[in-house]
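Structures incoming, each one as structure tokens.
Next come two complexes, and both contain subunit A; in the first it sits with subunit B, in the second with subunit C.
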Partner chain A sequence: MDWDSEDIELSEEELITLVAEAEEELDGAEGVLLQMEAASDSFGRRAGDEERLDTLFRAMHTLKGNASSVGWEAMASLAHAAEDLMQGVRDGTIAPSGDVADLLLRTVDEMRSLTSALAEGGEMPAVSASLIRDMQSISDRASEEYAGDSRSDSDLFRGGGAPGTAVEGSALVVEIEVSEETDIPAVRALQAIMACEEMGSELVSDPSKDDIDAGAMEDGGRILCRISEPWERGEIAEALHEIEGVIHVRFGTSTGEDLAGESGAESEVDEGKSADAGIARSADTRQIRVDVSLMDRLMNQVVEMVITRNRLSSLIETLSDHGMRDLSEEMQATVEQMAGITTTLQEDIMQTRLVPLDSLFRRFPRMMRNLKKSSGKEFHFQTDGGDTEIDRSLLDAIGDPMIHLLRNAVDHGIEDPEVRRGAGKDPAGTIRLSAFRQENFIVVEVSDDGGGLDVEAIAARARARGLLDSDAERRMSEEDLLDLLFSPGFSTSESVTEISGRGVGLDVVRREVEDVNGTVIVENRPGRGSTFRLSLPLTVTTVRSLLVEIARQVYVIPLGSIRETIRLEAVDLHRTGDTPMLPFRGDFIPLFRLRDFFPDSSGAIAGGDEKYIVVLSMDRRDYGLLVDDLLGEEESVIKPLRRPIGNIPGLSSATIRPDGSVALILDANGLFKEMRRTARRAINE
Partner chain B sequence: MSSKEKSESRSMVTFLIHGQEYGMKTEAIRSIIPVGDMTFVPGAPPSVAGVINLRGDIIPVVELEGTTRDDDAPWEEGLALVVEIPDDAEDLAVALMVDEVTQVDRADFARIEDTDELMVARDRADAVIGVLSRADGPLLILDPAGLVPEEKEVGA
Partner chain C sequence: MNKILVVDDAEFMRLRYRKLLSAEGFEIVEAGNGQEAVHAYEKERPDLVLMDITMPVMDGLEALKQIRALDGGARVVMSSALGQQRVVLSAIKEGAKDFLVKPFKPENVLDTVRKHLA
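Then we have the complex of A and B:
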């Protein structure tokens, strides 16, 4: 079919809603299908399978309804065929085999590409006719074999005992009320009519579909539908309540021809199911879809408010310095009150930005299934901690790095089945994706029980790539050597495979993670696997921090990376080579000045009067930073450093101080890495 | 951009940097601001003198490359043009330090010639995209995009 996205006339809002709903349904459907495929021999008999099949059926049903209501034929025809197939599975006439799952998964893929084409406004890809044909032939075969009454089978299968009664051979009048509050009432009304069409034969509605096309339901309102040979009411009510914006469904019986005449007749409400459905509905309407950009704007405004509040506090201090004590104390109390409100507001808005990692994680089972097929390796994929919440902008940012790490685990982590057998391991490995909160960070880990990393091979490759010479190598710890994996220009894969993809290395993973102020490290268990660990900040817009002064300039250090602050005069320093060492918790840790990290700018950041040591912790060890003064804590608002400054290792971003000046936010991890790189370079030269 | 037959009159701001007069199309210039205290950024490219807060945004203050000052002393106070940089991904702006804004005038952009042809300013910054001959000496034309080189690969 020659069909273009432009053939559908939708407002921007309608388009966004349509695409978002389609994606949601497809995600849900895919999850069920993967389970079906994995357990095809027992699927349908396990606890919860009924609900799963219902979910799947409803997903296809909703997709079909949404698509046909806007004339999106390609999607509607696919969904229609899939729905028929699902109906058969639900009725028990079609076995939920792996083949059926595979067919439906391919359909989901096809639907995804249709959806993204619609979202991007591009040309619609042609729908594979063979896919529809394959689904139809399975459905047809099944209905020939089981010529019985599949509808009552369905009721049995679903447990029966539904409170509604089937009204056979007569007509049913359904009164549907569509809220004017919903974003696209006319489309919802059409969906409702089409849902009714599904549930019986010969439908008459008032207003008619043509009336609605002509604008009859633009502000919501009531629709009357008369359905001949209707399904049972509970099902109708349930289906209708699934449509957004449908707020009331009432039933009356009809024997006559005149629909309008019937509408005034007594309507009986289906007490059982529609009441339940009504509750579910009202829970749904407590949630609204909000454009992400609006949330970003809200967040920015709150952030501006935090800055203004900080500024106000500092002005009041000035007042106090000028001898206006009484006034300033009163003002201080007021500002503190305001500060409390701002903090709550900020936390609430932050809360609205949180999404469970599941919305990212559920993309992966499918990918891993495909990787399993194409790689010939055997493994189980497990996810854990998907309910951990994370700021949605971080979610977007870590998507690609996670894909890369998972692919790496398949490609380089898990050994071939024979190798595993030889090593006395289960031929099928395990790849585990897990998330949890740890203090001020969200940790996301990808671990495998494969062969682990070969440190020798990493060193050899680094030498071959000119990233390392043998002198430097001797001085490096195993951790340092493992860290080479993340160097630009390093890739462990001998050839660029499809799995690891386009030769993009772990350096890109690290950069993307560091771009959102996260860190990534690797843990090696030789012979037993490896773990890549991402630590991500809780929030992206503000950070609790300590202000310090270094060479007459203020710097900001996130509290999350500080272990302790120590007065310089209170300690005895030792010296190893040029580096002073600080005794700290039974160990010696190196002590640096900021200028040690930035040799090219050292002149401009020299000449301070060092009085304190801030002990910073990085991934695996601690080090001390010499500072001139400690200026107290604050909630710093994070602002990006843009081009031509861009990425400077050790400086993550900047913040605006209450007096309007700019202070740089130090990144403890980045500083230390930069230091090591500089040292490595110096050794190599 | 060599000379073309058609004339193309556009508004231009002209300004002095170290005695040389430069011009830039007016539409790229958001404002002219006094620059006082700025924050030095260790590790930043040499052309970046520091960063300032401009109504809540953090803006890099840049010097035109090839116009290094005689002394290395930090630049104290002066004038800067806030220049919008065309960029697909984000709102980019820099504050370009200038000594003095000379005038806002219309100029025929079709008369801009390649710098090579006039053999001037060869050692000047990438940002110089052409030269306009005038009675009172050549005017070097700056391209806003040239003030912000594309991001280099980290660690490359």
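Then we have the complex of A and C:
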């Protein structure tokens, strides 16, 4: 699939996703805004306000990203203005006053009506131009007063060129085609221009009205009009289609270049007669539309059923312990039968929740095309593996991270054409989005063949931001240093470009991916590019796992991350420095205890009870975890952990045990990183 | 009920308009030339004007100007024959909302009328 594809049709699925996400972000934003309005005098200085402002900023950022990737211009322009405003508030150049809150609340209201119009397939209400203007003027005033530091992320990337310039004062270019079949095409052309005139204050058209008077358009043809007012595309299209003989309306944006060129004519979407430009619903009669919330309820019920089944099994064991062997055996057989049915049911329901990644990937060619234009960089965009299926909720969750990573690849990955030429590369780079299934994970990668990452610059940035001291740095591998990219507070792209994430950093990407029990890592090829790799669990709500006991606590380890279990007495430990090493498959791997990881955990943790080693594998290597006992396997139902617990690395989520107690699910990746970082204690026996 | 002013020097044409449009429930007012049209507009304040271009006493273009001067919001649809491109262009520039090409087809007339009265 090449990025030239103009296919930005919005399927039912995508529509639902887009709408649900917008509603979610708007709910979140509204909550913060109401607080801002109520506490305008002290807002911004109270505990947690910083986070609230971030939430708000990101909500606008997400809305903008989503909307612009499908050509939902009305939403995108509102969100862009709101995002700029929020950026100022976050930077402290704009006070979070009641007025600002009010302005943003009105914006949220408008966005809600746009969203419901999209959801219902109705006409897009007009966006209030004055609202956008009011927001812009506040932002403009603030940025005039503040000429900020504009050091950008790009200096971290070898040879990475300057990010694209802001597309300021951009106007909407409308290409109108008038059929030669119609009566007096020239008059229709004139009507079209006049219809545009009613919408734009500084209308330029080619051909002009005088040209038409002089005989242009007598046989129909194309007219380009530039409209400077922020009108909503659907509305313009509708007005134009009202005119007899208008057979095509297309949109593009212009950065002020001459309309006569191909720039306008070439660009963008074909247009449907109503609703928003380019947003169309695809109908497939073999499919039925199912409300997402119904799917979620079904899934929850199946999950409850699995829990109940597990509880029943454990009750039967008790029965057997009480000497009711015959009865319990019979019951056990029945429960197993039921288990089979539940499993099938669960798999089927999970199956219905699977959607091809294409429904997400399809959003990107258009975005990349726009990015190519605004960045001035040359690249090909390729996608691969779009038929890989993924749980719908994961699809929702990775939308933002993918947008971010792709934007980063353009902004910071691919070098300017001259730089590439100088390095002996093809002046046009390649950005590749690919997906595939790897064992129990879905892997989604964003690769570029740009300059790669400059580890030195990353370390320097981290030191400057106080994320790294020289002591820690010495102990860190290159891998660890690259990992700093994902630290909160690392990314500070201050430049306002369409492309860069403007301070919404890779930390957010990591958090969002980890929220769905996925991982994200970066692979660096100095001079040749980098790859950001997301690994996502195949299923969301249950996981085959091993139950282990450590210090009288039950922990759950997903089978997917376990290589092997070994009896401790069967091995000969070695020692490197303070870390005990386990000989494993011709290699030595480090060995850890959970208490190394939670040094303050309550309860007496006596050493010496350990009888087993569970060998876990993470992205690149293996390590051993000492456990007291192995309790058996089960299908664990994953319950997400809420912050602040959800923030603890190494603990991904929790599960409910058959007896109703809660057990924590260990995350092999996070655990390993954290262990290496915080505790390198020896096993002293 | 929407009121439509039909302006044409040909009575047959007015009849056809009247039959067609009153069957659709519109109230019809008629004028035989531009001057009558201006007077009728002033008196009746119709919701829409369907006006021929070539007429005696005062042509449609002049009547259009005067009607627009009376009421900037006046909705006027010009009817013309093919080959009158330049005049239609002027009419559009003078504020005519649309035009119909003769010989008119009933469905075209109805479509146009409905479009502008929506």
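Keep in mind that, in the parts below, the second predicted complex is superposed on the first by the 372 of 685 C-alpha atoms of A that agree within 3 Å, B and C clash if a C-alpha of one lies under 4 Å from a C-alpha of the other, contacts with A are read in each partner's own complex, and residues count from 1 in each chain.
One rule holds for everything that comes next: contacts are C-beta pairs under 8 Å (C-beta built on N, C-alpha and C of every residue); 3 or more make two chains touch, one makes a residue touch a chain.
This is a predicted model, so every value here is computed, not measured.
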- Query: When the two structures are laid over each other on chain A, which of subunit B and subunit C touches more residues of subunit A?
  - Reply: B
- Task: Scan A:191 for contacts with subunit B and subunit C and give back first, second, both or neither.
- Result: second
- Is A:60 in contact with subunit B, with subunit C, with both, or with neither (first, second, both, neither)? neither
- Could you tell me if A:589 is touching subunit B, subunit C, both of them or neither one (first, second, both, neither)? neither
- Message: Taking the superposition on A as described, I'd like to know which of subunit B and subunit C A:651 touches: first, second, both or neither.
- Response: first
- Message: After the superposition on A, what does A:453 contact: first (subunit B), second (subunit C), both or neither?
- Response: neither
- Looking at the overlay, does A:212 come into contact with subunit B only (first), subunit C only (second), both, or neither? second
- Message: After the superposition on A, what does A:462 contact: first (subunit B), second (subunit C), both or neither?
- Response: neither
- Task: Using the touch definition from the top, say if A:246 reaches subunit B (first), subunit C (second), both or neither.
- Result: neither
- Query: Which subunit A residues contact subunit B in one complex and subunit C in the other?
  - Reply: none
- Note on the structure: In the complex, the residues of subunit A that touch subunit C are 183-184, 186-187, 190-191, 194, 209, 212-213, 218, 242-244
- Note on the structure: subunit B residues touching subunit A in their complex are 37-45, 47-48, 51-53, 56-58, 60, 62, 72, 74, 85, 87, 90, 92, 94, 147-156
- Complex contact set, residues of subunit A against subunit B: 304, 307, 487-488, 507, 511, 553, 594-595, 597-598, 600-601, 603-605, 639-651, 654, 656, 660-664, 674, 677
- Message: Looking at the complex, which residues from subunit C come into contact with subunit A?
- Response: 82, 84-86, 88-89, 92-93, 98-99, 101, 115
